[in-house]
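First chain A sits with chain B, and in the next complex the same chain sits with chain C.
So, the complex of A and B:
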């Protein structure tokens, strides 16, 4: 057991949970976006604690961009993005809480009642990890990776077509 | 090692539960997307934990993390496309005002 790693896991895990909770507890949409960014950065740091350095840095960079875009869209679409009007934008809170608790609890129960076959293999060094991940992507999992690329292209076209105004389509 | 794995998985379980709460309780399309992002974040945390504690020599788990990141990007792209169209046509992205979609 590595005490140092446990401390970091608990510290950044609780940070991720705290900011994730703040996302839905604040009235300000901008604070929500920034809280989600903080939560995602804490998750990225957990990746770094688990020595997945490439994925951790990639996750932090990607989430920083995505949450910034999300904050911009919120300012565009919301009547009260700063939360100054104290608008409540939630519904069926009781039902949602019960369902969230049940799903989280059943997830936790599955974790606690499983016998995990821990292997004592040493984790490869970061450079070796990147090399092995590249080999994985370009050999055994190439089709899956290519499918992800094509999916991005399809989503870009679909989103642009969906977002076009009806007037510009009719012209 | 097993305690560490359980700690990470329980953190992911709590994040998943909060994501479920957000996706179900929010009336704004962008906030619902935030709940889904949290659930996907929890899934990624699981995958990295499984890689690190169970199969550090096998990289298909890291590859799946990249796939989940792609899914996050796709969800955001399509969600914002739908949100833009709803805002253009109805002036709102509230899901409680989207009952006309089933007509």
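So, the complex of A and C:
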């Protein structure tokens, strides 16, 4: 791995962590959601730095709509979405910080003590990666992805159906 | 080469703004873009009270950056491209998604009712209309067996996609107008109802960035229609980039023309059409192309 790539990995890795930190440090719900989006974009750029073009672009694309939808739901359900009323919406601070520290430490330990397989010497060209990914999705992993896709679709239809009021159904 | 390419993009944006003005005022005015530019550059920067400072400053920049990124991967001719990505067809979708993020930010930031309604409206509009866009692009990718935009043009040498998959073309065309919030889909701005909605509280350079970004967006979408469905730079006699330019300008002119004669669509109708009509049609289009490919 060359030097430039390591520098970019460190740069965008720390950007991701910084924005993840901002998610919890702001009182505005919209800022919080879009900070999470920025963090996710930084992770998408990490994919690009590691020459996984398709995964990176896909990650960056999906997160834009997901996080903005999350933003509108937080705005609808929170009492003080703009954070202008100076309302403290956090709770159980001690428990959550202890839990966060422990889980972070266990992730770090898992990363450090795992015997990672030797990384590939050469990365396939982006077009070849797209091809390989397609073959993988349509052969070995097809069952997993189809199951996940159908379950999400069912959940979406069920959620919409339960959200409809009786009056609108009976009309 | 680079200078030529950048010159071509700048000229296209200039010509689009002249064209849009011609369509609205029925009169050619070739100096208007320059006077508007000069005016917006020196206009006083009026800032709303209790705005979200970060979003207010970043939204216009993100808007134009997203539009520029989409333009950056679309080829004008073979070799006439800023970055030829092998996932280009996916990348333009990613760039268009950030148009929505920028508009939602711009709607939220000024702490105004009209802009916020405009911003959230556009969220619903883009999510509904990005489905037909993504699925129409998928069908062109299926035919080219590649996500590279250069290969997609190459796959249309014998038969343009507008004839091969007409349903996909109509879907992409309509959804592109909705994405660029051109009339009749100009719900986030809605002059007369929301009084310029999202942009109402922006002045000076920020408004200039929005307007330039909008022109870039129209350019990128009409270029995308050309590349994906109208055979890109294929054409007799003239050099490739000239054909792309002519087709792109014609597509943009047809966008403006549609907007003049069709009344603004109501918000709930707009969403209903997309989810209940366009999305199933887009799935049908994928099936159609799949059958044609297997025959």
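In this section, the second predicted complex is superposed on the first by the 159 of 171 C-alpha atoms of A that agree within 3 Å, B and C clash if a C-alpha of one lies under 4 Å from a C-alpha of the other, contacts with A are read in each partner's own complex, and residues count from 1 in each chain.
Just so it is clear, a contact is a pair of C-beta atoms (placed from the backbone, for glycine too) under 8 Å apart; a residue touches a chain by one contact, two chains touch by 3 or more.
What you see is a predicted model; the values in this text were computed from it and never measured.
In the superposition on chain A, A:111 contacts chain B only, with no contact to chain C.
By the touch criterion stated above, A:69 is placed in contact with chain B and with chain C alike. Of the two partner chains placed by superposition, chain B and chain C are both touched by A:58. Once the two complexes are overlaid on the shared chain, A:127 sits against chain C while remaining clear of chain B.
When the two structures are aligned on the shared chain, A:5 is found in touch with chain B, with no touch to chain C. Chain A has more of its residues touched by B than by the other of chain B and chain C. Contacts of A:37 after superposition on the shared chain: chain C is touched, whereas chain B is not. By the touch criterion defined above, A:159 lies against chain B but remains apart from chain C after alignment on the C-alpha atoms of chain A. When the two complexes are laid over each other on chain A, chain A has residues 54, 58, 69 in contact with both chain B and chain C.
Within the complex formed with chain C, the chain A residues making contact are 28, 30-31, 34, 37, 53-54, 57-58, 60-61, 64-65, 67-69, 71-72, 82, 84, 125-127, 130.
Residues 50, 52, 54-55, 85-87, 90-91, 93-94, 97-98, 100-101, 104-105, 108, 111, 120, 123, 126-127, 130, 146-148 of chain C are the ones touching chain A in the complex. Contact residues on chain A toward chain B in their complex (touch as defined above): 1-2, 5-6, 9-10, 13-14, 16-17, 20-21, 23-24, 29, 32-33, 36, 39-40, 43, 46-47, 50-52, 54-55, 58-59, 62, 66, 69-70, 73-74, 76-78, 89-93, 95-97, 99-101, 103-105, 107-108, 111-112, 116-124, 129, 132-133, 135-137, 140-141, 144-145, 148, 151-152, 155-156, 158-166.
Contact residues on chain B toward chain A in their complex (touch as defined above): 1-22, 24-28, 30-31, 33-35, 37-38, 41, 44-45, 48-49, 51-57, 59-60, 62-63, 65-67, 69-70, 72-74, 76-78, 80-85, 87-89, 93-94, 96.
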